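So, here come the structures, one by one.
In the two complexes that follow, chain A is the common piece, with chain B as its partner first and chain C second.
Up next, the complex of A and B:
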């Protein structure tokens, strides 16, 4: 029963369904793509939000209560900032769920061309595999991180530093052995201690998963866009060879009109004899399928020019039929339309998720600065060292995740020009040469994702973040 | 006179083959064992001993001792990673050498184009100077110890199985000889591996110069479409080949540069610190030794940056030479194709590590900057 219902989802939604289900399961405010009462889902998400906010407020209260001692203040601030990511992402996804579903719906209707369907589906499968692998990897890492955090709680002393104002000295005070230093309205002893432990475990797991699933959604979009660009680069050469048949003699031009797949031996374009036998109407819609995005109306395909001025008037050196000629001309149109579609997708991704990235970077920068300070106080291989290094590695890994995919998009989009240049364009028709020239000019500007226009998501960003952390660390070491 | 660029690689490959690192699938077992044993004795063993010594000195030593230890530790680890890289990438390097030899057969430069010949002469001088400086540094380090043999001074302080500072001569001299040999091994391996990307980059800029020259040859041909298209085809194919070669350089050989960057910044910092704290008059030999070591590290980083920059600069010239060739009298198809080529030539060819760090003078200044910041931290910590 479930499979019948699931199959009604198309495009990006069906590709990203595991990710979306995971997000919905962990309480994100995404209420599309579900069957069943929405009201219960809303209640479920609200309950999670309330619980997460409650714990976050408890951590904040703990911070407020322990501002006297500098090291406690720093440690608590780092914890607060770490969990700010979760609240930010939770609220952000809730507020921009319309945008997210719009971005997911962009690829619901894409154009197709009979000669390139095999290449299209191949790259689609590659993208799908990569997205699934990324999701599994990130979920595994999150679970490992949660388990490690829980485990490390049971090592070392469960204490905090407390400044005694009367004697003006720093005392070590015992606190309950929990994962996060937090104030509770109840006293966590006995049965309540185990309840608090379970609650904190739930909080840890849910915050990290909520944060990471939305980042993985963003990265999966970028993976899809990159694989589409790979598809466009892949069909450039057959496109050139096809276009060359229009005005240059090619000995084996019939072979070009077979599908790219080696196993398929069927001719896509019927010969003239077969055409006479079957009542085949010269209808462009059977060759090239153009459907607009955004679910708008299907546009009648009357836009292709007929250069020959009627049937039977064939100036082609390879003796191509009219239908074959139409197919060649429509191939270039397919390429351009597909590229436009990808550009639309990328700009939608940037508009949807850019602000979330900006907020993430702001929080991360402050947290990493404070972590640099904490790192100067490491004096040996102990629980403190492991926890500081753990925080550092986790935060840098989060930033690295979206930087690497942003960088890949930049690289792929600027390499389209190289692909256009490296196919045998000099053998192509004049139309193809103009096409290559325009592609070269357009694709010089790489497609980028910006964090609400403040910065570009690329490895340069990651390098500058890393460099800044190292600089602060060196300066703070000197000041110590 | 024909240019044979492959002969430039003779010296580095000679050292690498004789030191047992030319490990390919077809190597004899004896050679493999020889390489492995040499590797263990002259790299594996000192590495383990020195790591142990480093952990000890960080807790108990002065900043000067730590700086000396850092110098050797990073050099040893750098050599370790570089040798692994070389053994893994040997097949790719051989393939790139094939590209060089086929280029000689298909695209010999014009006899009147002397630029490439002088470039070839220059790189030979650079290689000789490079090895000369390496051997000179080794000599200075050895002489320093030999001069101070009464103080039982060794080339670098490290942990060893017996106390080499005791008064028995039969304990000290073998150890010193061992250290001299291992420094020589490490130096030759290090320098030989480091020069390989530099030689490839120089060849890439020579190919680009060759291309520029072929473009700028003024042919007074009448408008002939077929010949024009053929010319365009040759031009574009050669350009693509050069791009493929530089991509191979970026993919296969820039890892060495990355490792060298890392170790050079630390070593430069440590050397600068030691130079500022050692008196050139009282401890002349030690001062000279540290100074030469710092200089050779700087030179090791400078060479790839210079030649990487050369590649970018030379690729920018192709557009100009294409513009200055006689395209006005050619067919319409030729001019259209020139438009497309010039569009592509707007991007200069860069040698990049992992599509991320470009190897040019900008990176060189960043490395020096970083080394100086580290040095400033060391200074401050030392003052305290």
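Up next, the complex of A and C:
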């Protein structure tokens, strides 16, 4: 039953449906693509929001209560910043759900061409497989992280440091053994202790999943865009080989081109050549050009004889039927339209998720600085060391996730030029050569995702974050 | 009577000869797959077995070094003494392992270079192959000299220590599960270490030569493409058809060398990245140690390590910069041609295409983290120096 209803989703939505369902299941404010009552869903999400906010406020209150002791302050600030990600992403997705559905809808109608459907579906399948794999991997890691956090709570002492103002010394005070240090309006003993434990487990799981699913959505979009670029690079060569036949048609094509409308590029090219011809000295024109000269010479060479792709019989030099010529034109049009579509998709992704990335980076930077300070106080292999290293690895991994996909997009988009150059463009027709030229020129500038224009998401960003953490760590070690 | 000089035809082997020979010595066969009879094949297999054995042994040495460091964790001075060796040994092992693991891909890449090497005398004169060969030979001789001097110094110092002072001190501080006070055991262990050091040095020497030679050859290829580009439009009697075929040849050559650089980069970029990270850390550490030590012995002990880490980074950046320079010079070559005198639009468009492509330099990358060039070199040195000043101002 559900499969019939699900299959009405097309394009990116159907590819990302597991991700979207997961997001909706964990309470994100995404209310499209549902086949049931929206009101219940809204209630569901609001309840989650209220619960998460309540726990977040409790953590904040705990922070406010324990500002005297420096290490407690630092540890609590790190916890607060860690869970800020979740609230930020939750609210962000709620506020920009219109944008998200618009981005998801961009690929609803994509063009197609009979020659390239096989390549298109192949890369589509690759993208799909990668997206599923990424989602599974991230979900698995999140579950493992939650389980590890819960397990480590039951090791070591459950204490906090308290500064006694009368004697001006630091005491260790017992606190309930919970995953996160938090203030509760009730006293967590007995049955209430288990309730608080369960509540904190729910909180941990849901906040991490909420945060990570939206990041995975962003990365899946980038995977899709990269595979589309791979598809475009892959069809460049058959397109060139196909268009090589267009040139045998040249002597007769002059008439055909002149009947095309004045806005056509190909006619402009020919007109240029005509004007140049008229300026020639008689001697030079015999060397350099008459179209029949070109035609005669171009029928001879071997380069065009071994073309074997595409439709049509090229053994006949008068060769191309009108249908074949239209096919070549349409192939070039398909390529250009598809590329423009990808550019539109990437800019939509940047607009939709850029601000979230900026907020994430801001929070992460502050948190990593404080973590560097905490790391200087590691004095052995104990619970403290494990928890600090756990926080560090988790936050760096979050940053690494979107940096690596942003970097891949940059690489793929700038390698289109190299792919265009390495196919046999010199054998192609004038139209194809102009097309390759414009593609080369345009693809020199890589497509990037920026964090609301403040920074570009690439591995340089990750390297600078890592370098900054190491520097702060080294400085703070000396200041001890 | 005039003396006729016999001009010898240079082959690609002349460039990579030394490297391939040294690799063969330690058992790694990088020659192209020709028909081998049984006897050479047996030797090849024996060599591969020897190389595999060597890799296992160097792994053992790394473990032994780690064991030594772990046992002496309380004494920071001893750990500091062991640290350079500890970082260098795995790097050298990994380097040779990369060559071993990718030997088929390296063979294929080298054969691509071989195909595009100029074979006729006239071509070789035009392209100035002699100059490049001289450069490679100079590097081979200089580097070889340095290595031999280092080895001789080490051996002599060891011998002096043993025979004049009677101390049983191994060249490398490692942990062994048995004691080596007994002279025979000591001799055996020293010989074992000596064999490993010899293989490592020969292997590293060969690896550097191969890298240097292949980069020289690729930059030679780029320069030859540049020269060909400059000649476009010069000969006014050429027909358009001939000129277009000429341009087509240029583009195909360029694509070949792009493919070579791409394949080469895929094989070696992780190794380069590891090398850079390890060398920078070592550099920082050694500068710090040298500046905070008071006696000459530490200075003497650590100076070679400083030299090697700087040398590694500098060499690779130099090679990378060569490629960047020569691949971007093609664009200059196109502009230097007589493009303004060419009347054919087809040729002009083709030139424009080559120009656009050549403006993006092709380079050896550090696996997505950057490109090997002098710019990266300055960045690394600046970062290492800033870390060093930071550490120094607080200690």
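Here is the rule we go by: the second predicted complex is superposed on the first by the 410 of 480 C-alpha atoms of A that agree within 3 Å, B and C clash if a C-alpha of one lies under 4 Å from a C-alpha of the other, contacts with A are read in each partner's own complex, and residues count from 1 in each chain.
Operating definition for what follows: a contact is a pair of C-beta atoms (placed from the backbone, for glycine too) under 8 Å apart; a residue touches a chain by one contact, two chains touch by 3 or more.
Note that the structure is predicted; figures quoted are calculated from it, not measured.
Once chain A of one complex is fitted onto chain A of the other, the partner contacts of A:474 extend to both chain B and chain C.
After overlaying the two complexes on the shared chain, residue contacts for A:44 are found with neither chain B nor chain C. Using the contact criterion defined above for the overlaid structures, shared-chain residue A:454 touches neither chain B nor chain C, since it reaches no partner. With both complexes superposed, C is the one of chain B and chain C in contact with more chain A residues.
Across the two superposed structures, the residue set of chain A contacted by chain B and also by chain C is 407, 411, 417-418, 421-422, 425-427, 430, 433, 436-437, 440-441, 444, 459, 463, 471, 474, 478.
Taken together, the chain A residues at the contact with chain B in this complex read 407, 411, 417-418, 421-422, 424-427, 430, 433, 436-437, 440-441, 444, 459-460, 463, 471, 474, 477-478. Those residues of chain C whose C-beta lies close enough to touch chain A in the complex are 239-241, 244, 247-248, 251, 255, 258-259, 343-346, 349-350, 352-353, 356-357, 359-360, 368-369, 383, 387, 390-391, 393-395.
Residues 229, 232-233, 236, 240, 243, 333, 336-337, 339-340, 343-344, 346-347, 355-356, 373-374, 376-377, 380-381 of chain B are the ones that touch chain A when the two sit in their complex.
Looking at the complex, you find that chain A touches chain C at residues 269, 272-273, 276, 280, 284, 287-289, 294, 297, 303, 407, 411, 414, 417-418, 421-422, 425-427, 430, 433-434, 436-437, 440-441, 444, 459, 463, 467, 471, 474-475, 478-479.
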